[in-house]
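Note sheet for the following structure.
First chain written, first letter: the chains are A, B, C and D, and each begins at residue 1.
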Amino acid sequence: MKNNFELDKPHDECGIYAVYSNHNSELARTLYFGLYALQHRGQDSCGIAVTNGLNISYYKNLGLVSEVFSEEAISALPEGDIAIGHVRYASSGLKNSINAQPVVYNGRLGMFAIAMNGKITNAEVLRKRLIEEGMTFQTNIDCEVIANLINKHTDNGKCDVERAMRELEGSFAIALMTSTELYAIRDRYGLRPLVLGRTEDGYYLSSESCGLDATGVELIRDINPGEVAVISAKGVSSSYFAKATRRPCIFEYVYTARADSFIDNKSVYEARYECGRTLARKLMLKADIVAGVPDSANVSARGYAVESGIPYIDVLEKNRYVGRTFIQPNQFMRENSVKIKLNPHLHNIKDKEIILIDDSIVRGTTSKKILETLKKAGAKAVHMVIASPIVKHPCYTGIDIETYDQLIGATRNAEEIGKLIGADSLHFMDVRDLIKCCSSGDYKTFCAGCFDGDYPDDIEKKLKDRREI
Amino acid sequence: MKNNFELDKPHDECGIYAVYSNHNSELARTLYFGLYALQHRGQDSCGIAVTNGLNISYYKNLGLVSEVFSEEAISALPEGDIAIGHVRYASSGLKNSINAQPVVYNGRLGMFAIAMNGKITNAEVLRKRLIEEGMTFQTNIDCEVIANLINKHTDNGKCDVERAMRELEGSFAIALMTSTELYAIRDRYGLRPLVLGRTEDGYYLSSESCGLDATGVELIRDINPGEVAVISAKGVSSSYFAKATRRPCIFEYVYTARADSFIDNKSVYEARYECGRTLARKLMLKADIVAGVPDSANVSARGYAVESGIPYIDVLEKNRYVGRTFIQPNQFMRENSVKIKLNPHLHNIKDKEIILIDDSIVRGTTSKKILETLKKAGAKAVHMVIASPIVKHPCYTGIDIETYDQLIGATRNAEEIGKLIGADSLHFMDVRDLIKCCSSGDYKTFCAGCFDGDYPDDIEKKLKDRREI
Amino acid sequence: MKNNFELDKPHDECGIYAVYSNHNSELARTLYFGLYALQHRGQDSCGIAVTNGLNISYYKNLGLVSEVFSEEAISALPEGDIAIGHVRYASSGLKNSINAQPVVYNGRLGMFAIAMNGKITNAEVLRKRLIEEGMTFQTNIDCEVIANLINKHTDNGKCDVERAMRELEGSFAIALMTSTELYAIRDRYGLRPLVLGRTEDGYYLSSESCGLDATGVELIRDINPGEVAVISAKGVSSSYFAKATRRPCIFEYVYTARADSFIDNKSVYEARYECGRTLARKLMLKADIVAGVPDSANVSARGYAVESGIPYIDVLEKNRYVGRTFIQPNQFMRENSVKIKLNPHLHNIKDKEIILIDDSIVRGTTSKKILETLKKAGAKAVHMVIASPIVKHPCYTGIDIETYDQLIGATRNAEEIGKLIGADSLHFMDVRDLIKCCSSGDYKTFCAGCFDGDYPDDIEKKLKDRREI
Amino acid sequence: MKNNFELDKPHDECGIYAVYSNHNSELARTLYFGLYALQHRGQDSCGIAVTNGLNISYYKNLGLVSEVFSEEAISALPEGDIAIGHVRYASSGLKNSINAQPVVYNGRLGMFAIAMNGKITNAEVLRKRLIEEGMTFQTNIDCEVIANLINKHTDNGKCDVERAMRELEGSFAIALMTSTELYAIRDRYGLRPLVLGRTEDGYYLSSESCGLDATGVELIRDINPGEVAVISAKGVSSSYFAKATRRPCIFEYVYTARADSFIDNKSVYEARYECGRTLARKLMLKADIVAGVPDSANVSARGYAVESGIPYIDVLEKNRYVGRTFIQPNQFMRENSVKIKLNPHLHNIKDKEIILIDDSIVRGTTSKKILETLKKAGAKAVHMVIASPIVKHPCYTGIDIETYDQLIGATRNAEEIGKLIGADSLHFMDVRDLIKCCSSGDYKTFCAGCFDGDYPDDIEKKLKDRREI
């Protein structure tokens, strides 16, 4: 059912949007627009849960925000004070809407609902232990492990959220709603983003600041690594469940986030633009034109063009109407599948020496097709410049780059990859340069594990140990 | 979203179909046809879960069997040895597919799935207690309470199913599937039906025998009240979790079940036919014609006609294409809503004295409209004969007759009801006569609580006590 | 895409409903309910066209009335004075909604719209001639031939409808709407039905009187064979385009029409009931029980039971939820496809000698499966009684019995057919008896061409001649 | 049903793709991909018609190519030698799929099908005359007028296509298919584009060259103004129905066409890029950054940036997931509707003097909202530069700029418009400069009627005269 022509890009797994408000009579409607702006973080399912102080009502299903929520569905959700919403990317399988989030629970805390972004690396260990302790599970999603931990550490209607969070390894940004409070939680490294916003009416959470912008909410700050922020009638109060070391996922800047977002106080646009400029300064390549692979590499390409003085001329035109399901390709399409999405600008390519910017290379399959296409269109030479380092390691914390053998760069250097994909030359960014471009003020540390193998908390070793047991 | 023109009939809440087979390469397909034959027991959602001995895969959604399961969805379910399926009637609310059954759990028993028909009268008490013990719930459906009890009474991978069942009050017929076994369970009174069938290939469960017929399965016997039948590679073994007193719901014979089914060894058709004959003998009414309200009263009406010698001539024609959603009615339709579904046979009605048989009267609203229609069509007199007693009490065990004030007969006798609905005379069946008509061999006891207030296990008093605490 | 399990019944091709009203602010809504009641005449597409005196607006699509017309679609149709609607049965092919009716034209008559039921036997000849004269066609439907004839015979905004109609051979009932007038036309033999009704507000047309009943309209009379009735602000005026010989299609009484309809002043119910009684008197069969194949033979079976004194006991239960699309059958279903729709009442069948009434036999395939099912269920003997004669000839005027080789009875007598389908005995009705049962007052002549080969206007010979040229 | 947030852009009305092939076993599939690449020319309906040399089969419906054509629908179309396809933009009304193209006719020419792009300015006159001559119409689309003219001028199976074309005024690019031939026709001014391509297997037509690219077809040449090209087993032969004056619509270069297309031998990309450069040279504006309104002004903005030396930094981020239907906006959205589609890059805007490039201004409503947004985001000044002249006149030949009063520029100069929309300064392109940028070799004449009021063939005057009569 997947579009055969989907480009070879890593996918994040979720977007979160949540509200605590005292006077918002259009809570579900506001969430709709917030989730809409976060749609790029997940297109498989979405949902909204609202509490009126007594019960939690929700609606969720498979599909885009604009498909799942009709006027009727939005209107059927009750008025209320607190709401959380979610968009989800699902990797595989017979899709059941039960895996959609938010997930709503009834337990010692009364009714509560959870929406999360991230990946709990010890989820299986925890699930096994919780099952031994007598809990049941209805899905495989990490959310359910978290909910059961929340429940386990609740006593007399009070939850020791910090203690529950301390049991979790991996990455997570969580919006947790009871009938009276909204919690915002981020893992101790701040691997997944979560920002806090405010209007006169209340407080808002969003995976990226673009969700706040779309709903007229002012960005205040990022939820901090290791923070448990509780939003209630009394305002926002914070505590920390762990000593925090800020190491947010650098891939958000490279590809995942929308360019107009701010994450950890850094403009994603600026980070990408600086990557382009840095590469131009370092590489000093000569060529007739610079171009980006649309749309994700456009910003870096602009930076590269400005810094190098080489004019930016597009070489690939994107078809904006590519849907998600598809008919079988004919002969030509089997051999030129990339053209359905990206058509070469023949006139701009012919006899040109081209610097082609892309944000990253994962499997390399699409890069190869793009380069073939440009060569067929008459390019004299294509120098491919990647605005990030070689992806040499899997991601264990939420991006679906899951095993070493999926990675063209796992065991190859730039020259070898360049040969494989057919580039006249291939250049990657140094990881230190990337980090510099993404840094902001005091925030200079990241998880760049997929590039340098240096995972926070020694995740890779832990996972390996577990498998060996 | 409900059809405004739905007739005033009580609704059962579920149908179950399940298979244990060693060689059925088309398990999901077989369940499809089985559930199809049970569609009259629930039209709101349906689902199928299949195990291949390791995992349980499932697909469920809102809609009719023929809407939810496309060829693609059936094919996507894996081959396997055990499968359970469910059709559901949902009473209200923003419909979320999460309430569809079967519900699949992961717990101490490994993966297991449950489909149930019935109503647990102490579900709230149990849920509260289980929450106190640390369990979480994701829905309000009774199924989840049962799953958590099953889990609670599991130790070392062995479940003391009998003990779990003993905690349940109310009515239930359950199909429970682990990765290696299929359980068939019926409450201690046998309130909800469940039959066992067999082919060369394996064992089958169905709420009614018509589900077995539709799939070529031979009916062996009913699951007994209080029985826990375990179907595994070793065949069927049985135990009892409680001293059983057979008191199946008599309303299955009156209205719920399909006429071609056998329940507790008694043909539903025969029961209804005998009701008609008994009424004819007792009432000795004079009239020109006998007619039934289609389709549910057709069989009793046939019995009445044969016994009375009065010819059966239809007075109402049913529109077979009445869908489930609807546009706003125009003026005429607002006043004549019943006509969209039931059109009077003018020619057969004019100047006739009519005996009109219906299966039951709950709210009386539809009966009133039907009688108006017949009178307008020129009927000289309409004697309404109900093939069951006055519904004087709510049902607490699965039929959605939920409160006294919904019942036209709660505080009225036949004469008073007759006046209200506009019948020239109105006659009900004596409860002893109904019981006699539904009896079979040694099976002569029923729950006729909605008629006589005599509920098994003193349900009504227990519920009242709980509310008062 | 067709349901594999559809029973072997002939299909009519259309239903018409139309209104001329001065004050009906809910014209489209009224048509909705009228068409709803005629849904049995065609389930493939439907449409409504409304004029406000200037333009004609319309909406039509593939699907049932309740599927095609949402509240939104009905509301989008304008208010107006005249409207015509249509339901259609389509025999085959890649279904394009363009074939749906009404068809709206702009021509010498200004805007006009046509909805028809029937079959023009010289359509191809006319189409060829009209093409030679310079007209174009966009579909294969007869409607378009009629529209072009209407147009051809229009001069100075006045149409000589009678002259146009005289060119048509075959069967037709037509509702034709201009911006100011509504025409009701019926072929010279009255082969297809069309009735006229009235309320205080205006005049109504319907293929069957059940459409009038459903919308609170009083039946006045049938449109006469050969009549062109013009309904305008001045009331109804009539003329005749041909010398009429009333020979309505007798199959409407046998199977097509709804039992609660009156056609040509005769109750369909009464006709069927009399068929049953007549057969009982003539055949004098002995048996334990009488049963009808549901639902179409129910009425005749009632008549047979009453007259014979043999009790009516059902032997087949119909599944009311059989949808139109379907998954591939499993092994059992391949061999027992009829069971998905009709389940045997084992208890009523075992060791019984049964008289089974059906309305007609066309191909005989379903009859064979039903008889196999009854025999497997233990019937001692099944005497099949058909409430119509042997179908020995194709229909050229609207029922889809199209060629001799589709007919089991084309070259066989009752005994031979009985053997083929596995009946212990098989009995048909004499054509004169059928005609007698369907007669009413002066109306005693029919087209029973499919039974006796005696077609009005020598249709068969004409068609043969044409083919030979 | 329209998206409230759709930006204020003119819309073309169609895209055409057609094939004549001897060996293409996947004709419908090829058309699918060709139409897919032309989807930007019309999103309301689409269709494909295929002939196998005898009949023409077709499928068309409302929706995007990827919505209308499932694998099933494509497979159901027969194999054949000739096929034509169409995508359509529909301006208003209760959408009936009957208006979708291609339209298939049966007439003197046998079966034939037509797909067109453009607008026949004398359609009403022709329709009236054809009606007087006895023809009927089923829609209001121009296509039907053309079909009837084609038919009228056919004698003995031979059509005098040239003569039929001579009767048409206005703009048109037509693909006309009989069972053996494919015609490509372009109006005498070449107002609407149509290109011819070739593979080893046959000949192809496409509204833009990007349709050929997407299907692996080599572009040969444009169909010439006034040309009737006939593609048959004998190859391509051409004739001219009128003395041609090449004046293609310049708006294709400004906005309508995809940037990677070649039209009339000129790269659309190059034309837009040159517009940007020309504006930079002429205006000599000073600012911190240059930005384009995404996506349509991106190319001109690149040209402007390169020529001016001012860095290109994005100020608006486009949400790629904006669907077509929508829920009611909340308060914030009512006031900030443009943000759902275009979010400001706060960081890039604050305290910046910005040159904002857009392709054109029609109503000005969206420009006003964008400028408000940028000002709120802290822009020091926004100089708006439009890569085309002021739209001062309606378009009568296919772009939906229909009346003077819809145009903000009809009676205002740049300064006045700038004030109205809130720009610090507003600059348009000189029409001669635009023409120069779009010129190519000998092709230096255009229709720029919407800018300069100079329409080919005196269209405006003729229309006015007609209205006055």
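Here, contacts are C-beta pairs under 8 Å (C-beta built on N, C-alpha and C of every residue); 3 or more make two chains touch, one makes a residue touch a chain.
Since the structure is predicted, the reported quantities are computational estimates derived from the model, not experimental observations.
Undergrad: Mind listing the chains that sit against chain B and also against chain C?
TA: none
Undergrad: Compare the CA centroid of chain A with every other chain's and tell me the farthest one.
TA: C
Undergrad: From the C-alpha centre of chain A to that of chain D, how far is it in Å?
TA: 36
Undergrad: Determine the centre-to-centre distance between chain C and chain D, using the mean Cα coordinates as centres, and give it in whole Å.
TA: That gives a centre separation of 47 Å.
Undergrad: Could you put a whole-Å number on the gap between the CA centroids of chain A and chain C?
TA: 60
Undergrad: Can you tell me, using the touch rule above, whether these chains form a line, ring, star, complete graph or other shape?
TA: ring
Undergrad: All pairs of touching chains?
TA: All chain pairs meeting the touch criterion are A-B, A-D, B-C, C-D.
Undergrad: Help me check something: in the complex, which residues belonging to chain B touch chain A?
TA: Touch list, chain B to chain A: 57-61, 73, 76-77, 94, 96-98, 103-108, 127, 131-138, 147-148, 151-152.
Undergrad: Please name which positions on chain C make contact with chain B in the complex.
TA: 26, 29-30, 32-33, 36-37, 39-40, 43, 64-67, 69-71, 74, 210, 213-216, 258-260, 262, 267, 269-270, 273, 295, 298-299, 302, 305-306, 311-314, 317, 319-323, 325-333, 336, 339-340, 343-348
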